[in-house]
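Structures follow.
In what comes next, subunit A is part of two complexes: it sits with subunit B in the first one and with subunit C in the second one.
And now, the complex of A and B:
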């Protein structure tokens, strides 16, 4: 994102970045917030502390969190993808279309994930190949991808997915542990290892901290970013499979507004929107927190739109507090 | 050099003309003056919002909360009108602008004082403002029956052949042109976008200037809140949902660089009109409205690709001009 890389230029010194000094304690702060919300929830509603309730809760966030994992890497590298929800819509629509021609479960999944990868590659090509700012490109592809869904579906919907397909969104692996949750935890481990334990992950951080320096140290910046866009597309495709299987139908308005929720998870998880800093553990914690907040408020019959106030306030407060704290300390 | 800078508006103007010619070739009534004025009136709100957004984008920020601000202000004004029908329209207008400006300045304060990136701040306030619409209205709608006749009729009043709504767009565009080209504030928007460090050295308060940009975009969003609600005669939680991206699209098509520092009032005006013409032409040429989203998406992408080429050079030219000033 040119816009973000630019806005930290007027900071006197990157080392003084308040984001960086708090990153060590960020995860612990999130754990405290999560525990606090958990306790509040169990006091507020007698229905909360129940294995099945908690299992239901995970469905609130697993699909978005899967996208957030890849989005975290993309934002750390200094780019952003606003088209993820539109990719879900297009992938879901194409799966529905294939279903009309009698495709069975494996083909449907291949189409869903394949569409995601193709859309991600298209974004990646526009950003890295044509050197365009990702925020504008993905605003454009966001309209384009969802627009294609609208062209195909209009005001209709696709229904009648086979039971073997629905299992991916509704099935349980063991007792209350859903397939979605297992998949999310699996991917979280994979992304954690990728970011924290491989050369590829180091390159992602390097690009985000200083793209020019990374380029001069021999990092293939364009190729790395292209891969990250494809990964984000692939995760959106997987989320499309899960969501379509869970809902059992496809409308062009599916997953509307999810891009903002996924980005909120990433930023809440401590990833700097300016790039160069952040961790997968933080993002996973943020996903659980958002799930806990929405589910707890849901048990209290708070409407979804009001919940969004809490999410928005949480985002701003959690980011503002450490900054206010460091400003206060400097003054004292 | 100046000719080069003018190119983009000329090309965009030609593209709009081309669109009009194609549609008119098949449907002669499309290009009739009365219909063109209707299109302009339909686009008026988008024009104003896009101009407000331009001020923010010029300073290397972005305001994702404009549509939510619009919905919240629109709801407050509509509820005020429903509860106190006696409040005159000028008072309501003033109220809309001030509420909008207050909501915008909240964004601006967070960006200025806490140095939080604009995209994060407005992502947060987008959901907060939108949620507040639901809270203050309890999820209910304010509909035509509850709105006063003058509340609905004001912007439809025809003055010198144009509805008041169109006059608002013209006035706002003129005001923006004046501010952007004739005032220190306007020049500092450009200066910050081109080179924030250099701006600091020339004595510009970067944070405060960004704050001003957000307050301006908020004020415009507030004004459009009243205009939107009275135009579509409904105030609800879903008003203008997702519209923030259409606003940014109009800016981008109009040649505003998301990297800041580049963009003109004329360009944004044409960018918004381009989207307006497409939206109005689709039903005429019998293309399903469901095509609209994909077409505007493709238009955005095409615009960015075309923008990307000249941007680097033109950015430096503006910098030189700013240094000379």
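And now, the complex of A and C:
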């Protein structure tokens, strides 16, 4: 007990100045960018600063951002899932199919989330069980899952979802606060805690930094990765429930191209595409930034193609900025 | 801060370009995707309507990718801008319904045109044309250049194609009464495949030596038939006609393989959509049986589902093919 006071030498528990590291962190940069875009938006359009406008804005990104939360963990661990949008299509199609047999809201949700988990488990099995590269596996399952939707639906659509189901994609918890937004914030907290405050989260970082070292340190790499694929699948299933409820219908082309938007959020959020680094706060900020940019430009009726260029430029600038900064500092 | 400067500069430019004008009727023309000549032409008509109406601003917008989700984002932005009316060519008849219903709840007039939305998601729908008008037009295209009458044949798409079959039925229905000297000798199916359409066209020419015209109510078939007529030096003997894209078909009007073809006129469609949207903003009721004016194009009458047909397909011949081939 007395030994703890024996040493009087000051040993800092981190070498860099904590204040400086917070100021110079990726998240602070994103906060600045978000505030900047918010201010510019409110100056550029008289319609921006309106509770309902801001509420409508959140619908543009909440579903994709839910997937991005789980995708962030997967990418930190060094894997990727390109089949998330196809999982939405399959989950939505199977919900629509169940609806034709008279399934009610709880059953529909169970089928949606269940399909997501099953698809994620399938990806996880191919990657961890058969040791196939995740990018190849999920390019394959991307076509497979959506292909099944096309076989079931063809050029038809499922519609007629009950009002109690539509609430999940269109309903409000309180005033302008939508259920989707509440769910996203709730899950953001859960994923933050999972990544930053649990052993599981430490293992995810360890695998991403050095998989072999993690394996030799006793981390069950395969099992952890399998769980991450299941989580990504589950979040895609949840996104499928929300999107289907919001659209009130299912077509096999639903959510086309969303895998890239979810991955863009993750990368913009500061997660290293090579694995091992990144934070949930960054991803959440990136989701809001993408929502602010697309909605702000939408209010000015800027054509979609200009918007895509803008998002691309934003991504490159935000990623290049810290690198340019450190190059400049080294030279000075 | 480079980024902020960039953002400031671009947003300022965008703000100047958009220059929100108040105390004016703002009508949004929402298309399936931008960068499509057909919709750019519709916008041309829409701007013409706005100029004619005076106190109307047309906002021409749409997503880059032709998906329902991207179009909903556009609709959300328009709801936030409190536009007076939305005229949409929808990427999905069902998925847009909740978003458009929300627009209507907030007092925005909603109509669909070209590609429709389910009745619960809009106040009225404007079709470019309707089955009876198309059926009559495809026969008239051939008959106009056959004052003496004669044998004609139809080269269709697939035998199961719903649209084409309905048009051909409508064409057959008007034949005996309006075109008594036109003799429809055969209907063959090219499956909207260039090779099969070419073979079927050759078959028609071989089987019916007195054939005076081939009518192809499909953009693939009409090009294949015109190519066969050109290759076999039958220009002037067999007239190819039907529904064709001016840009694809211009060469066959130029070389004489065809006298005239027809298709929907996107300029008139955009013009009429804005006229109808403006009529609703000014308090006209969209109800079954109602008759609404669409300016220089005429007027439309709403059916049981509040849908209306604009006009017969627009005819392209040597006088105007050059102009329209630039558009679509």
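Please note the rule applied: the second predicted complex is superposed on the first by the 307 of 332 C-alpha atoms of A that agree within 3 Å, B and C clash if a C-alpha of one lies under 4 Å from a C-alpha of the other, contacts with A are read in each partner's own complex, and residues count from 1 in each chain.
In this text, contacts are C-beta pairs under 8 Å (C-beta built on N, C-alpha and C of every residue); 3 or more make two chains touch, one makes a residue touch a chain.
Keep in mind that what you see is a predicted model, and the values were worked out from it rather than measured.
Peer 1: So in the superposed three-chain picture, is A:249 touching just subunit B, just subunit C, both, or none of them (first/second/both/neither)?
Peer 2: Once the two structures are laid over each other on A, A:249 reaches subunit C alone.
Peer 1: Is A:59 touching the first partner subunit B, the second partner subunit C, both, or neither of them?
Peer 2: After superposing on A, A:59 lies in contact with subunit C but is clear of subunit B.
Peer 1: Under the stated touch criterion, which partner chain does A:222 make contact with: subunit B (first), subunit C (second), both, or neither?
Peer 2: A:222: touches no partner chain.
Peer 1: Figure out whether A:31 sits in contact with subunit B (first) or subunit C (second), or with both, or with neither.
Peer 2: neither
Peer 1: Mind working out whether A:145 is in touch with subunit B, subunit C, both or neither, as first, second, both or neither?
Peer 2: first
Peer 1: So, A:50: does it touch subunit B (first), subunit C (second), both, or neither?
Peer 2: second
Peer 1: Answer with first, second, both or neither: which of subunit B and subunit C does A:295 touch in the superposed model?
Peer 2: It touches subunit C, and subunit B stays clear.
Peer 1: Who does A:130 touch here: subunit B (first), subunit C (second), both, or neither?
Peer 2: The first partner, subunit B, only.
Peer 1: For A:308, select first, second, both or neither according to whether it touches subunit B, subunit C, the two together, or no partner.
Peer 2: Both partners, subunit B and subunit C.
Peer 1: Across the two complexes, what residues of subunit A are contacted by subunit B and by subunit C?
Peer 2: On subunit A, the residues that contact subunit B in one structure and subunit C in the other are 256-257, 303, 305, 307-308, 313.
Peer 1: For the complex, which residues does subunit A have touching subunit B?
Peer 2: 2-4, 6-7, 9-10, 18, 80, 82, 126, 130-133, 135-137, 139-148, 150-151, 153-155, 252, 256-257, 260, 263-264, 267, 273-274, 303, 305-309, 311-313, 315-316, 319-320, 323-324
Peer 1: Which stretch or stretches of subunit B touch subunit A in the complex?
Peer 2: 60-62, 64, 110, 114-121, 123-128, 130-132, 134-135, 139, 196-197, 200, 206, 237, 242, 245, 248-249, 252, 258-260, 288, 290-298, 300-301, 304-305, 308
Peer 1: Residues of subunit C touching subunit A in their complex?
Peer 2: Those residues of subunit C that touch subunit A are 2-4, 6-8, 10-12, 14-15, 17-18, 20, 33-35, 59, 61-65, 67-70, 72-74, 76-77, 79-82, 92-95, 97-98.
Peer 1: For subunit A, which residues are in contact with subunit C within the complex?
Peer 2: 32-33, 36-37, 40-41, 43-48, 50, 52-53, 56-57, 59-60, 157, 159, 166, 169-170, 243, 246-249, 251, 253-258, 294-305, 307-308, 310, 313-314, 317-318, 321
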